[in-house]
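The two complexes that follow have chain A in common; it is paired with chain B in the first and with chain C in the second.
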Partner chain A sequence: MVDFARVQKELQECNRDFEVSGIKVMPKSDANLAHLLGTIPGPLGTPYEGGSFKIDITLPDGYPFEPPKMQFATKVWHPNISSQSGAICLDILKDQWSPALTLKTALLSVQALLSAPEPDDPQDAVVAQQYLRDYPTFMGTARYWTEAFAMTSSLGVEDKVLKLVEMGFPEALVRSTLVSVDGDENMALEKLCSG
Partner chain B sequence: MGNSLVAAKEKHNLKRQSTFGDDNESSWDSAVMGWNPHGKWHAVASWTWDAQDETCGICRMAFDGCCPDCKLPGDDCPLIWGACNHAFHLHCILKWVNSQTPQAHCPMCRREWQFKG
Partner chain C sequence: MSKRVLCKFFAHGACLKGDHCEFSHDWKAPPNNICTFYQKGVCAYGGRCRYDHVKVARLQSPAPSSSVYSHQHHSVHADHLSESAAGSAENDDVRELSVNPADRPICSFAAAGNCPHGEKCPHIHGDLCPTCGKHCLHPFRPQEREEHVKTCEKMQRNLEALKHSQEIECCVCLERVLSKSAPAERKFGILSECDHPFCISCIRNWRSSSSASGMDVNSALRACPICRKLSYFVIPSVIWYCSKVEKQEIVDSYKAKLRSIDCKHFDFGNGTCPFGTSCFYKHAYRDGQLEEVVLRHLGAEDGNTVIAKNVRLSDFLKEYELLTGTKLLLPKIQQFFH
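This part shows the complex of A and B:
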């Protein structure tokens, strides 16, 4: 059984510090605290700068005695993150997990991984090869992916509402859904479609 | 197998983060007396200088409260110290130790976990 009292505290703590860390964790629905959505800002001075990266978080029954399952919901080009599935290769999410870590410290570690790729221990072999053999192309691709997939908030809220209403969803539902996914139109669409 | 990043940063953050608000010294002082009839003064002293906050690093409940599985703080939900001087609710650390084979490490400092004799 997930320790939900602890999860509640973690959410409060993390979101209280949002101004400083830029890291946010929200429940995907009010009914279920085992499915969460994390957001990390791309680190400055990296090709991920300016991007806002969403991370799907699933808490296993044994949390916090077992690590949270995290994977990128935003596509990202990085040697230690699968460009296909968003799976993350990071030891603290595996055998180096400690119950004293939190969702926030885990997300901080993921953010640090964006700053410091480890191509010798890749999750995505194609990206790692490119990183090692053709660094300028790697940087270009990583930047392009950030601009294409992690900077979706360029549309204004009203534009997003309009776009989704035109697809046939009721306006009130569109608005509440957009709020729940932090304004991300793609996630909102996904959520609306899944009912 | 993986990437050990920000270990130092994490530790720093853990220290900073493990306070959840309004527990103060006087409240846990009385809790210490309440839950420990044997008066382990040395243990209490080492806990304070070790700068661990007054919450259990596993469940994040105050030490003067109880773990998530218990209803009442006190003798039924005691604290326990490791050889490394980190303290946890007994029930919390037992769950962790039992889930880690063959050797568990302290959740706070990652040293091999040994119950303090």
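This part shows the complex of A and C:
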């Protein structure tokens, strides 16, 4: 059974010093505290700077005695994060978890991982190889992915519509799809492509 | 003086002292209807008391005689008067009381803060105890004084520790340990090697969580969740400590308590305890004799000395299974012995 009293406390504390850390954790729905959505700002001085990365958090039954399951919901180009699934390779989310860690500290560690990649222990082999062999291209790709996927919230609705229409989708469909996914440009694109 | 007051026992027709009674056996003398308990502070009968609840200066009401007890001790009361008013009967008692002040009891009213008799109190007014702030140190009993000061200081320390403990939060459930909803959980789990506070249920939960989740027993589960220092045991305690000495005291008293309990694994010599010599419980045989362990020291490959563990047949079988990948069944085991 998840210790929801503790989760409540964690959420309160995390949102209290949002000003300082920039890290936010919100329940996906009010009814269920086991599914949360965290947001971390890209660390300064990295290709992820300026981006806002969303992380899906699922609390297992044993939380806090078992690590929370975390996965990037925003696409990221990083050797230790899967470019496909968003899976994170981080020891404290696996065998080095400790119940004294909280959602906030775990997210801080993920943020630290963004600024300190470990290409020798990769999650995404393609990214890691690029990082090791062609560092400038890696930096460029990571920057491009950040601008494309992690900064969209700064665009207005009209900009998003324009961008998608330019890709060749009919405007009416673009608008309805954008509304259905709460204005998330990437989700809309995915939906448009699949449907 | 008391001769002027009607004897209560005489009034009931039952005074055993007869002519020797220091109270008046003359019907014309005024009766004393003042409640002695009220004089001392509290009368359990309150408004229903048949005696008068009035405050009277001690000298004007010389004879409290509302009970058999006080009648029997008329002389004692008279003595107290004689100390100040100098002029009553029985002087033996006076001497007996004033000769050895160490025998006189301490006044509990003064100890509590306020004695209605003040200077004229028949009992000794104690000195102020600096720790508890009560006048409860007997001026003529040095041993009792010392004992009181000692226990008082100990209690004070305990109280302070408890107050301090109230504030401490468990780093896992983020709740104040002593304010947890379940009373059984209102206990600290002290780690032997570091000083991070947890509640007993959280730390035990963590240490016993299954290693199936990929976490190593020694590097993760047995380590402190905060500093990751390895601790081999957890000590339950209702109080959090402030110093190394206090921690040692808690640990020692816990170990001493367990040492007096018979180990259920050892079972008076019938079983084997997996903890061996590290077991905190008592390993004694039925006749009370303690188990004597002879450790076998072996030279290891790297030149160090290691302590040989008890070797069991099952250990070899496990190794065999691992090597061959086949599970040993009973008929096969029997082959070994043929």
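Of note:
Heads up, the rule we're going with is that the second predicted complex is superposed on the first by the 155 of 195 C-alpha atoms of A that agree within 3 Å, B and C clash if a C-alpha of one lies under 4 Å from a C-alpha of the other, contacts with A are read in each partner's own complex, and residues count from 1 in each chain.
Quick note on the criterion: contacts are C-beta pairs under 8 Å (C-beta built on N, C-alpha and C of every residue); 3 or more make two chains touch, one makes a residue touch a chain.
No experiment lies behind these values; they were computed from the predicted model shown.
Overlap between chain B and chain C is detected when the two structures are superposed via chain A.
When the shared chain is aligned, chain B and chain C each come close enough to touch A:P99.
For chain A, the partner that touches more of its residues is B, with chain B and chain C as the two candidates. Contact with both chain B and chain C is seen for A:F65 once the two complexes are overlaid on the shared chain.
Contacts of A:V179 after superposition on the shared chain: neither chain B nor chain C is touched.
Once the two complexes are laid over each other on the shared chain, residue contacts for A:C89 go to chain B alone; chain C is not touched. Within the superposed three-chain model, A:V126 lies out of touch with both chain B and chain C [touch as defined at top].
Shared-chain residue A:E10: touches chain B and chain C both.
By the touch criterion stated above, A:A116 is placed in contact with chain B alone, chain C being left untouched. Of the two partner chains, neither chain B nor chain C is touched by A:M151.
Chain A residues in contact with chain B (one complex) as well as with chain C (other complex) are 3, 5-6, 9-10, 62, 64-66, 94-96, 98-101. Residue ranges of chain B in contact with chain A, taken from their complex: 1-6, 9-10, 13-14, 17-18, 20, 57-61, 68, 92, 95-96, 99, 105, 107-108, 110. Chain contact summary for the complex, chain C toward chain A: residues 171-175, 196, 202, 205-206, 209, 213-216, 220, 223, 225-226, 228. Contacts from chain A toward chain B in the complex involve residues 3, 5-6, 9-10, 13, 62, 64-66, 80, 89-96, 98-102, 104-105, 108-109, 112-113, 116, 118, 121.
Within the complex formed with chain C, the residues of chain A that make contact are 3, 5-6, 9-10, 62, 64-67, 94-101.
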